Amino acid sequence: MTPQDPDFSHVKAFVLDVDGVLTDGRLYCFNDGQQVRAFNIKDGYAIRNALNKGYLVAVITAKDEESVRMRLAQLGIQDVYVGAENKLHVLHHYLTTKVLDAKTVLYMGDDIPDREAMQVAGMSACPADAADDILLIASYRCFNNGGEGAVREVIEKVMKAQGNW
Amino acid sequence: MTPQDPDFSHVKAFVLDVDGVLTDGRLYCFNDGQQVRAFNIKDGYAIRNALNKGYLVAVITAKDEESVRMRLAQLGIQDVYVGAENKLHVLHHYLTTKVLDAKTVLYMGDDIPDREAMQVAGMSACPADAADDILLIASYRCFNNGGEGAVREVIEKVMKAQGNW
Amino acid sequence: MTPQDPDFSHVKAFVLDVDGVLTDGRLYCFNDGQQVRAFNIKDGYAIRNALNKGYLVAVITAKDEESVRMRLAQLGIQDVYVGAENKLHVLHHYLTTKVLDAKTVLYMGDDIPDREAMQVAGMSACPADAADDILLIASYRCFNNGGEGAVREVIEKVMKAQGNW
Amino acid sequence: MTPQDPDFSHVKAFVLDVDGVLTDGRLYCFNDGQQVRAFNIKDGYAIRNALNKGYLVAVITAKDEESVRMRLAQLGIQDVYVGAENKLHVLHHYLTTKVLDAKTVLYMGDDIPDREAMQVAGMSACPADAADDILLIASYRCFNNGGEGAVREVIEKVMKAQGNW
């Protein structure tokens, strides 16, 4: 933990947005309607490492695309909420289902649909290129952009702070 | 509105170019002739927000590709002009159809085919990586590049200046 | 022409490499063997403008992929040499066929297979991210990287120097 | 060899990771399950040059995707180890098979699964955007990122140091 880092010692669960957090926010649009996203291999390593060490990892996204589900399944993430119109409601549902205290949850988002959920979670983080309104409220601002290692940065920092990396 | 911003208070409609504005100008070329573009999720949020708050949003592009139409439809943009050889003519047609005063229109372009339309519109904006000839004439130069949040930046600034964001 | 620019006044023809010059050098590899490249819309505008004003534009590439031929055809480039194992030989053939003086040709490349041809042409240019051995010999080094406007930069500079832009 | 470079004079073989080294770590995820990667044309030139001059080049990757095999085959790399769960074991197997002294091997990786193999090899290198734990142990840190010329940089430096470029 460097001096400017917040206290990551209570985090037990990571809740992640997809577009702009696990990706750089680009949607590659094909004529068959498919929207392709680029996921980052280093984020993937961190997520697998966190799951292996007993952390919870969930994903909440407004979209629903088969490729996203497949990538998240490949990483071992079981708690995947797609088509989430209200992310705060989904977060509450997740907390209840897992009997989790919001204080132990770090929510990572990049834009206004994530804002309320970020304020309910005990901690929040955002990529360096998050929307201005999100940069203002996040407990931790990444040095890395979305899809370029922001998720890796947060998970690695939390796990190192807790001696689990 | 920061000190260096122009007066955005009259803008009621956004007219946007596609390549280099809503995208980073890359055309991913496939062997079946398909040209794939990457749209930006934060631009998308801003466009939806603008439409929800009653702003008009139109797109004028020289190209015509199914994937572009699908993405724009997904965002709720109904006024989409494809295959536009002369963007100024299309802009005039749009103003007439919508009974819009050019003073209330912000046109966002990045290259020479956009120049005349940018000069007719009441305001103009361009991405940070626009062509030199466009950087010289735009009322507002974005901090962000095309496809990396330039459209988001402009819409957010206008709506915040008007207290609608 | 800015003070540091070379004398572009003799250029009548542009000979361009593909990978790393018209693209950023990325090859997106698919399971069917297809290798997708991203071309830049602003480069495309400059090429069309040059052809319209009577400049010659040719492309020499070691590869041969249908998607590349289609993009170059879309831009109106008729002199396309694919599968070129020796670019210098192809350049000589091109000069002979078109009855062109090498002094009037600007060759743009980014790596060692382009070196000899760059030294034979009257002028040479390279993207900012060209290989070190190429940066050392180019008559003009772009501010822009390959696939990010380097070709546009060179063509625009030449045409502006000649009052044709 | 610049002053800060390590002694590259013993390197006879390059062992490379794929994701984050030969690519920028992005996995473009499609609905059919395909994960597309972008390889770099300048890395490719350097690999072909090294093979032509008698260097050994091997690739060890945890993944197994047809597109990766095809790209590596196109470059002439015959020693390709896919689905490698333990890269150190695979490296030992490679050394034994080729009767290679570990001192003559440069291993290039970017993340923790590469760490042990990097420590066994005589030299190690990593892209500028490697994981922090890897940046700390690499004999040579590239100026370039993975997929943006890091492999080219290392191979070119080694071959130039040995007068073979």
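Should a chain be cited, it is by its letter among A, B, C and D, assigned in written order, with residues numbered from 1 in that chain.
Keep this in mind: contacts are C-beta pairs under 8 Å (C-beta built on N, C-alpha and C of every residue); 3 or more make two chains touch, one makes a residue touch a chain.
Just so it is clear, the model here is predicted, and its values are computed rather than measured.
**Q** Given that chain A and chain D are copies and touch, would you call their interface same or different according to whether over half of its residue numbers are shared?
**A** At the contact between chain A and chain D, which are copies of one sequence, the residues are largely different (under half shared).
**Q** What is the chain whose Cα centre is as far as it gets from that of chain C?
**A** Of all chains, A has its centre farthest from that of chain C.
**Q** Starting from the mean Cα coordinates of chain B and chain D, work out the distance between those two points in Å.
**A** 43
**Q** Give, as an integer number of Å, the spacing between the C-alpha centres of chain C and chain B.
**A** The answer is 30 Å.
**Q** Check each residue of chain B and list the ones that touch at least two other chains.
**A** 28, 36 - these are the residues of chain B that touch more than one other chain.
**Q** So with touch defined the way it is at the top, what topology do the chains form here? Options are line, ring, star, complete, other.
**A** The chain contacts form a single closed ring, each chain touching exactly two others.
**Q** Could you please write down every pair of chains that are in touch?
**A** Touch list across chains, by label: A-B, A-D, B-C, C-D.
**Q** Give every residue of chain C touching chain B within the complex, in rising order.
**A** 28, 34, 36-42, 44-45, 65-68, 70-71, 147, 149, 152, 156
**Q** Which bits of chain A are touching chain B when the two form their complex?
**A** Touch list, chain A to chain B: 19-20, 25-31, 33, 35-36, 110-113, 129, 131-132.
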